[in-house]
Amino acid sequence: MIPKAFLFVVVIVYTAFAAGPFVWVATMSLRTTSEITQDHYAWPETLHWEKFPQAWFNSNYSVYFENSLLVVVSAVAVLTVVGAMAAHCFARYRFRVNRILYFIIFSAIIFPPQITIIALFQILVQYGLYNSLVGLTLVYIAVQLPLTVYILESFFARIPADLFDAARIDGYPEWQIFWKVSLPIALPAIATTIILNTILLWNEFLYAVVLITDEAKRTLPLGIQRFMGDQLEDVGMIATGLMIAIIPVVLIYVFFSEKLIQGMTAGAVK
Amino acid sequence: MPVAPRPGEALPPARALPPASLDRQPWGAIIAFLLPAFTIYIALTAYPVFRTLWNSFHKVLPRNEAYVGLDNYAALVQDEIFWRSVQNTFIWACASPLAEVSIALLLALALYAKIPGRRFFRIAWFTPVLMSYVVVGIVWVWIYNYDWGAANAILRALGLERWVQAWIGDPRIALPSLIFITTWMWTGFNMVVLLAALHALPSEVIEAAELDNCGWGAKLLHIIIPMVKPTLLNLLVLSFIGKMKIFDLVWITTKGGPLWSTETVSTYTYKRAFEWNTFDLGYPSTIAAVWFVFVLVAVLGLTWAFRQRDRLEY
Amino acid sequence: MRILSIVVSVVMLAFASTALAQVKLTLWSHWAAEKIKRDFVEDAIKRFEAANPGVKIEASWYEKNALYASLKTALRAGTAPDIFYAEPDQVEYMENGLLLDLTPLNWSAIEPWAKEIWSYKGKPYGLPLEASTVELYYNKKLMGEMGIKLPASLQLDAATMLDLVKKARAKNLTPMALGVGDRPFPGAYLTHEALLKKLGPQDYDKLLKGSLSWSDSRVVDTLRLVRSWAEAGLLPTTFTTLKLGEAHSYFHTNPGAVMFLNGSWYTSRAFNAPDKGGQPPGFALGVMKFPAVPGAACNECRTLSVQGSYVANAATKHPKEALAFLNSFATPAVANRWLENVLVQTGIKADYDKVGGPHAGYFRELQATSAGAKYYFGMPIQVMQGKPKEVFTQVMNSAFPAGSISVDDAVKQMNAAYGK
């Protein structure tokens, strides 16, 4: 047997490897660039907390943050409702085209973004939705729909059929069955998809870079990139900016880690 | 109002109506449930696919679109940059999953062996996945900096000066350097999944193997791996799909350079669509269309190959 | 009833006149980080607005890559601004009829070669505000420390150059700051200035346009010369990833290099305040000519190109006002003001003797390097398009100076790009 101590050492080393970069950025975010250029790896002597409000107000960070918040919250809300409805339908109703339709939506998970992005650009331009947060939100909904339906469908399918049969016998209309039976039981999976979609869309970059060019409409990942260009390698300031971008996700993670891990991995464990 | 029943409980009757036939399909409801999802899907996923295909047979300029038949496809066959980007992407999509999943398996086994603090480690190792590729890219450009980056600093501190490199500036090692980054990012995710899979294994089998005095290596090879094989394969496919799509990381770190050593299909498509001195969208659409077929074939191929070993249910 | 109709007509008249009076033009420009140029343009906007009440210009400032991306998509979407920054290599604008024909401008006030660079099918499309040469800046103090004396011609020969590189490295100094992390042209300066001198303007033009093979012995010899400098340690180790702004700082602030090969627009970043990326106070800046190449056809040849220009959107709703704004630049007074403040050349005809201002000394030094020069108009990436441009950017700008590709492979790749 491999001695536990050796395993422990391996694990510690890997943790340093996995979390190291993050810790490094955190320390740099509290030091000024001149301090950093003198020694890139020193622990901060004075904690320059004032850099955070500086980064927030002196660049357009508040704008980027709000845009991301708006887009992500709207997209996730619509995704959850629309995805749950479709998933419920696929899981609970038997009709001949059920599996075909499900496969059509599910297969979109493997589509590479390039196959849609050029045409999406053309479509949004055509309908005046280019360079608008509404357009981006709609695209985000479409992008995450297959995964949402997939995760929810497998969960809805596990709910015992007797509950539905019983409800139907009792004369409940379909809509109420969905609302009162499926949704409450599937709440854990729904919570998972909400968290998952939020994190994925919060960090999304490619669609945003193509479909948004207005400074005032940039989402956070675009804003960070712009911040990088603006600051001319002011490493300290960029590090602070990165921390502001990471913190919401970390907060979600800290509070919901178990649920998130369960959800993200539920689909993958067989 | 009736409340959601706990599993096992019977629902209280709503009202005195004749029981609905269980054979009649409520088509109205079905359509109502599916309509929003399919509207969005058709408008923003299915239709764009066809539009891109249509584009690929045209020269698409701001003021006019001209039909060019197979010209774009012919040009694509000759395009060395395209084929280089295909090669790079495939290498990435094959190497990274193998690295991620194998390291993840070892780590999962380490945690499974009940070392102290494993809840903390599980959470800590998952964090790289949460960061946006933009953040990851910026941090790793700093890490790979030749003069003061952590990679070279550590090598110098260990006395390994000879191994100090321009990690993303040298065409020979730029791609492996980026593959290293995605491995760093996704190993934690894979590990968490595998750990869950390991916990789901019937412990009697593992304990029985221990009693049989099997060597550690034999135990791994003959018992554990076969039992988590479905999960392993699933993770490999997921990772493969993810790497075929990669764009953000390359865009922030090397933008496809140096000398196209990190050019991926997605960066090349973007450049042809938005950065070359032309407005034509037809040629990049051709790249996208051909790549779409490649990805489908690759994923179907992988799934079929793995299906022989074990049934993957959708 | 009468009073009502009077009130209505008065209100309508007021609306109409304000609608007529207030014309708003939108302007998108590069130079967000180059304060001097930005100030110049904003000043020009203010002067124009003062001279033309009723016209307001709203300027948005970008970094170049972001600007190009936004413009490309905005032009397609029909949401592009009335006036925007462009450089002459963006022929796709003209090919697709997206620019306003600028023939009505006062072209007698503009240098003919600058007009020529912006002409497409016989019509001019851009106001050539910024022109630049490639200059070899150097740190006078460091040069002195290495005991290299500049001849009166301001041009070292190739052997002295190599010697300088070796001496600098011996003192642990980087001989030349240069970085191609975020731009497709700085690395190529080394090769194309040398090639221009060796081949002379006509053959150099042929080389760029594909009618002269890169395997020509003169080309190969020049590439070997540049390679010899690079192998002696000319460039920083971070050359491939060093960004333009960082390269400036590398030269004059930290860690400091002996030379810096850059466009003459160097000063628009360098003369900013130090905390905005500018030179430290008391920096001894010198300018010299690019080294002479042995066996050259024309050692006094250099590249002169038009860079930052302003163009008008063909779809603008206010063509008259847009043209008027662009025309407001076409006077010697504006050109002189540009030269005095921005210290970089311009495509507008200027009164060179009258250039004064606080940096007149630097300006005279700059003029000295162009004394007796013969010009080739246009940078390689402005002259090349499509595949050759892409290969040139990857090979000549980045890989070849960095040493990642051999001379023979570089030649092969360039020839292949032209389909040879």
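Just so it is clear, A, B and C label the chains in written order, and each chain counts residues from 1 on its own.
In the analysis below, contacts are C-beta pairs under 8 Å (C-beta built on N, C-alpha and C of every residue); 3 or more make two chains touch, one makes a residue touch a chain.
Quick caveat: nothing in here was measured; it's all calculated off a predicted structure.
Chemist: Which two chains does the highest number of contacting C-beta pairs join?
Modeler: Looking across every pairing, the one with the most contacts is A-B.
Chemist: So, comparing C-alpha centroids, which chain is the farthest one from subunit B?
Modeler: Computed centres place C farthest from subunit B.
Chemist: Averaged over CA atoms, how far is the centre of subunit A from the centre of subunit B? Could you give it in whole Å?
Modeler: 15
Chemist: Counting in whole Å, what is the centre-to-centre distance of subunit B and subunit C, each centre being its mean C-alpha position?
Modeler: 41
Chemist: Among all residues of subunit A, which ones touch two or more of the remaining chains?
Modeler: 121, 209-210
Chemist: Two or more other chains touching the same residue: where does that happen in subunit C?
Modeler: As it turns out, subunit C has residues touching two or more other chains at 69, 73, 76.
Chemist: Could you list which residues of subunit B touch at least two other chains?
Modeler: Those would be 274.
Chemist: In the complex of these two chains, what residues of subunit C are touching subunit A?
Modeler: Its residues touching subunit A are 32-33, 60, 63, 65-66, 69-70, 73-74, 76-79, 243, 245-246, 249, 254, 277.
Chemist: Mind pulling up the subunit A residues that touch subunit C in the complex?
Modeler: These residues of subunit A touch subunit C: 37, 121, 125, 130-131, 209-210, 213-215, 226, 229-230, 232-233.
Chemist: Give the list of subunit C residues in touch with subunit B in this complex.
Modeler: By the definition above, subunit C touches subunit B via 68-69, 72-73, 75-76, 89-92, 95-98, 237-241, 385-386, 389-390, 394-395, 398-399, 402, 404-405.
Chemist: Using the touch definition up top, name the residues of subunit B that touch subunit C in the complex.
Modeler: Residues 61-63, 81, 141, 145-147, 166, 168-172, 257-260, 274-279.
Chemist: Under the touch definition given earlier, write down the residues of subunit B that touch subunit A in their complex.
Modeler: Counting only subunit B, the residues touching subunit A are 2-5, 7, 10-15, 17-20, 22, 25-30, 32-34, 36-38, 40-41, 43-49, 51-52, 55, 60, 107, 110-111, 113, 115-116, 121-128, 130-135, 138-140, 142-143, 148, 150, 153, 184, 187-189, 192-193, 196-197, 200, 216, 230-231, 234-235, 238, 241, 244-245, 247-248, 251-252, 265-266, 269-270, 273-274, 281, 284-285, 287-289, 291-292, 295-296, 299, 312-314.
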